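Next come two complexes, and both contain chain A; in the first it sits with chain B, in the second with chain C.
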Partner chain A sequence: MIDHSATPTLLTQLNALTGGLFLLSTFGVIAVRQVLGCLKMFIIQSLLLSASALFLAYYYSSVHLLAVAAIALGVKPFLIPYLLRRTVGEELTSRREISQVLNISTSLLIAAGLTVFSYFVAKPLLSVSGGIITAVNLPIGISALFIGAYVLTVRREAVPQTIGILTMENGAFFAGISIASGLPFIAELTAAFDALIIAVVMGILIRKIHERVGTTAVGGMKALKEE
Partner chain B sequence: MINKIVFNLLQVIVVMAFSPLVKGVIDYLKETVQSRCGPSIFQPYLDIWKLFHKDEVVSEQSSWIFRFTPYMVFVTPIFVTLLIPVLTRYPLFFAFMGDMLGAGFILALGGFFATLSAVDTGNPYGPMGASRTRMVGFLAEPVFMIVFFTVSFVAGSTIPYIVQKVWVTPLSNFFEPSHVLVMLAFIMLIIAEAGRIPVDNPSGHFELAMIDESKGLEYSGRGAALMKWGGSMKFFVLVSIFLNVLVTPWGLAQGNSLGAVLLAIPLILLKIFAFIIVLVVIESSFAKLRLFRIPEFLVAAFITSVAAMITYFF
Partner chain C sequence: MELIFILIIPIAAALLSLVPAGKKFASGITIAGAVAVFILTLRAVFAVAGGRELTAVRNWISSDGLGVLILLLVAFVGLTSAIFSRGYMGRIVEAGKLRKVRRYYFRYNLFVFSMLSIPILSQVSLVWVLVELTTLLSVLLVSFENTAEALEAAWKYIVLTGMGAAFALLGILILYWGMHIAGGEAFTWAGLIKAAPAIPPALLKTAFIFILIGFGTKIGLVPLHTWLPDAHSQAPAPVCALLSGVETTTVLYVVLRLLPVLEASKTINTGNWFIVSGLISVGAAAFLLIQVKDYKRLFAFSTIEHMGIIMVAAGLGGFAGHLGAVYQILTHSITKSLSFFAAGSVFLLLGSRNISSVKGLIKTSPITGAALLIGGLAIAGAPPFAVFLSEFSILKAGIAGGNYLTIGLLTVFIVIAFCALMFHVNRMVFGKPAQEPLNPGLPPAAIVALVLAVIPVILLGFYIPGPLNKLLLYAASSLGR
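Here is the complex of A and B:
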């Protein structure tokens, strides 16, 4: 292990910047009204995630993290959107506005609250293991986790809900690679392919719902059977 | 000492002289991008010149506020110019009279009087535009506060001359997430405050969609000229706060000689030109938001500034 000095260098600053933009793109998932915009925000977020993994690989000089970055870059911004496009079909590109339980302004303010909360959650964890990189990445990852869960709760459409789950996964990944750089490679690999399987399963489920009900606005489904 | 007073007044002259040019260049570039044939870049000068030579009509029903407002709108950006770095890197004579928050409040005072005068005449469109401006204004206020609190907390001071050094020494500070997020939030703030496209269409004269423009409809002659000139100076001041304090404090005069300060004038104009290009791209690639979408835009700016704050504090 190399010495984690507390002085900020260009590399740690770039990593922190990636973290800040990651947080911003997570807010973007909430702020955007259309399904395709939501997916674009997820793509940007995944690109930032793989950039962060790349910086971490350089910082810890770890080959495993480099492989993780490569897998994240291949799977998340390209393969998952492609699979969603294939399985969900034209429902993804329709320019319909997504209905929400709460309006966007309120949602964004709640998201800010969740972010502050996640900083408080991360504080005791950071006192145990606190490198300069972990101090930045862990709370941002946790807040992406919370915001993804929030998106899952509030949106009434199936596709953005899937993106909420994938955002949660991204957040967990973002926090995970910063806190445990020595994680076994196999675990990282499983995590990356789990996300892929989530996307496929959700995509097929959404397609089935669309075939049965004629819409993907799952928020309107209250009863199991049609009366 | 006398040097610093002269340079401070030179700043005011630069802002007064070049602010219509900035407006003209924006209009010209926008029309060019939209493949229309725009007016010359000197058109705002001609407009102001023409208006100064026209008779002024003031309603008998209006009060002193209506006559007083153009001077207020014209003078407040000049006061702010005395406080902020426009040409020099070192503080000038009036620099310690007020901090950035004070500058913001002085600018808001001009806006306050413009709102009052719009209500004063009883023109049906004036109060509508005034209430809309207030809506945008009070939603932009928290963003403004948090941006400046973050900036001042990082720098340990609210004087803009001290703040400008912090983000670029050493250069890696430039990439600090709070800095980038503050820049983004401030761009959104400038768009909202200056009535630029995602929030308001500055060239639109359709009554129901106007926000900023409808406040000056009743003015004619000298009053209208002062309102126009004051508006473009306000924009110039906001942009120079953004560029010289928050983004690129390079190109400002280091030395004490007149030559160095004069050399800073083309450099700052060049920086503003670069910013204008970014602004024109933003304005040409977005549609104007519906009125009730504007709070979402400003909440997004607020969230960006809050993110900037918390990524720095923790």
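Here is the complex of A and C:
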């Protein structure tokens, strides 16, 4: 996609605002202390993802992106939380502090560092090509990807780790809608479907772990390791 | 047309497996489906070896030499594992729990479907979805035994490979971006190779690094391998054969497909990326092989070693290097499936996974002992088995290309791995039996699977049939520009 103009318009400013809020909600996944809070942050993040897809659809006048926004809106903020609730059960809503390796303020600092790093990663790509929209979406998408990976390593519980993976996918898509908007429609559809299966399979596994081990603090499972 | 049927049959078999009709129905349907897929794949092999590219739907479903080679391996291991499953499930699952068995075969067929479709689909964005599906459809097979360890292994598996998949997704989206800038038309493997010279190198390089990290997790490249020995040792043995033998290979195939795309750009030192990541894996696996206590982990680490060897061979480049890589892919898959069938037979006999509790197998059960010995020797790379020839061809290609340091390191690591593997296998096969076996003998289906699996391991050490040889040559040529 080639940008029509490099000057900021209302639409590109709105998209930049959405991008900023998207990044903020990603930080939120790290900052909240409870499982349910994590899920709420993910829902907000997914809504912002669909909003950005909607703005981009209007900006590029692309029916394709409109469909992407609709799929993302249907699947991510509504269907996935519903299915997680169905499969995981009461463990999802329990008011309990999440155990993690590093405390939250250190984590936020590291997340800020990761965001700066993702601008470094995106810079050579943006200097090759890309306009005003890509310059917002690509680095923010990459930082959501990195922050999601960070969540996976420090949060020692199953549900937050699931949210971490879904955050990473949201990040990849947030970057993707600005750089690969012409992707075959079926690929977008199957990818959204794929996120759904991730949520279901991880939900089933969480329930099995809870039944068998009695806790969902997967960080404590250390039977399998090298001598 | 073969390709479409190969995709439909496993799905049909999966659905039929759920029909509650008798004790052996699900396994019978699965074996019948696997036989049909294998026959269709042989037809595809002959067609491709005759120099024809198979196309079912242009730009979506098509396959060339490399794709059909992977297809053949998945179909073969899918068949032998289906037969082995019949014997294994009969012993492992308590009589009467038919629902559990039906669910096993349902998931088994879907898992095989996802692996069969990767080499068949040529649309790159769909290939990503399918690689992710191979994880999602096999996670519940890994946790099948529902013990705390199996659940831990399954969790690590889905978390780490899910993380990798998200990285790979961004890589593939950047690749699409690059192709779009270059003015390419179709986002297929062939379309990418055509558009590659015009893709900005910065995009190509970033995309490759994201994909290498992402799919490297799935392939088991060190240091992203930590889930692999857990998942590959906790799953039921026939599933291990699929995971270790062909799942890693199908994902490696996706990374290898990028080789000719990357070589279009002179600024990216593609070969070195492959060689370095490969050597790290081979070296780490060789040393980790020494300390294992569990014989299934032994073979899992050997998988990491072999994935590393293939990466090095692909990185060495030139037609000889590429031929060595595809040859190694072939020999590793068939040999590793045999090793896991042997390991599964040991587990059926003794009910323990510890190396130290297995002694004198050749006396307690000559068939299992012989299978483990052949599997161990063959996977370690002893002559006259197939792996020896493929490893030898890689070393030869490297020396001819003047890569002395790489080949020197590779040789040292292979020798260490060989000694470690033989040390453990030797202790299990020979000596005085430590305990009476739990079960008197192996189920007949398991013996059939062992015999079927051992045939190509021995045969390919002496002789490569004409069509297969042609297929290897075509596969190697599609790795070069």
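Following the convention adopted for this analysis, the second predicted complex is superposed on the first by the 220 of 227 C-alpha atoms of A that agree within 3 Å, B and C clash if a C-alpha of one lies under 4 Å from a C-alpha of the other, contacts with A are read in each partner's own complex, and residues count from 1 in each chain.
Simple rule for what comes next: a residue touches a chain if its C-beta (ideal position, glycine included) is under 8 Å from a C-beta of that chain, and two chains touch if they have at least 3 such contacts.
Values in this document were obtained by computation on a predicted structure and should not be read as measured data.
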**OP:** Using the touch definition from the top, say if A:31 reaches chain B (first), chain C (second), both or neither.
**Re:** first
Original post:
Between chain B (first) and chain C (second), which, if any, makes contact with A:124: first, second, both or neither?
Top reply: second
Original post:
Given the touch rule stated above, what does A:201 touch, chain B (first), chain C (second), both, or neither?
Top reply: second
Original post:
After superposition on the shared chain, which partner residues are touched by A:61: those of chain B (first), chain C (second), both, or neither?
Top reply: neither
**OP:** Using the superposition on chain A described above, determine whether A:104 touches chain B (first), chain C (second), both, or neither.
**Re:** first
**OP:** Return first, second, both or neither, reflecting whether A:168 touches chain B, chain C, both chains, or no partner chain.
**Re:** second
Subject >> Which partner, chain B or chain C, touches more chain A residues >> reply: C
Original post:
Once bound in the complex, which stretches of chain A touch chain B?
Top reply: 8-10, 13-14, 16-17, 19-21, 23-24, 27, 31, 104-105, 108-109, 111-112, 115-116, 119, 123, 135-136, 139-140
**OP:** Quick one: which bits of chain A touch chain C in the complex? Just the residue numbers, please.
**Re:** 1, 121, 124-125, 127-129, 141-142, 145, 148-149, 152, 158, 161, 164-165, 168-169, 171-173, 175-176, 179-180, 182-184, 186-187, 190-191, 194, 197-198, 201-202, 204-205, 208-209, 212-213, 218, 221-224, 226-227
Subject >> chain B residues within the chain A interface of the complex >> reply: 172-173, 175-178, 180-181, 184, 295-296, 299-300, 302-304, 306-308, 310-311, 314
Subject >> Complex contacts: residues of chain C adjacent to chain A >> reply: 123, 125-126, 128-129, 132-133, 136, 139-140, 143, 146-149, 151-156, 158-159, 162-163, 166-167, 169-170, 173-174, 176-177, 180-181, 187, 200, 202-203, 206, 229-230, 233-234, 288, 291, 293
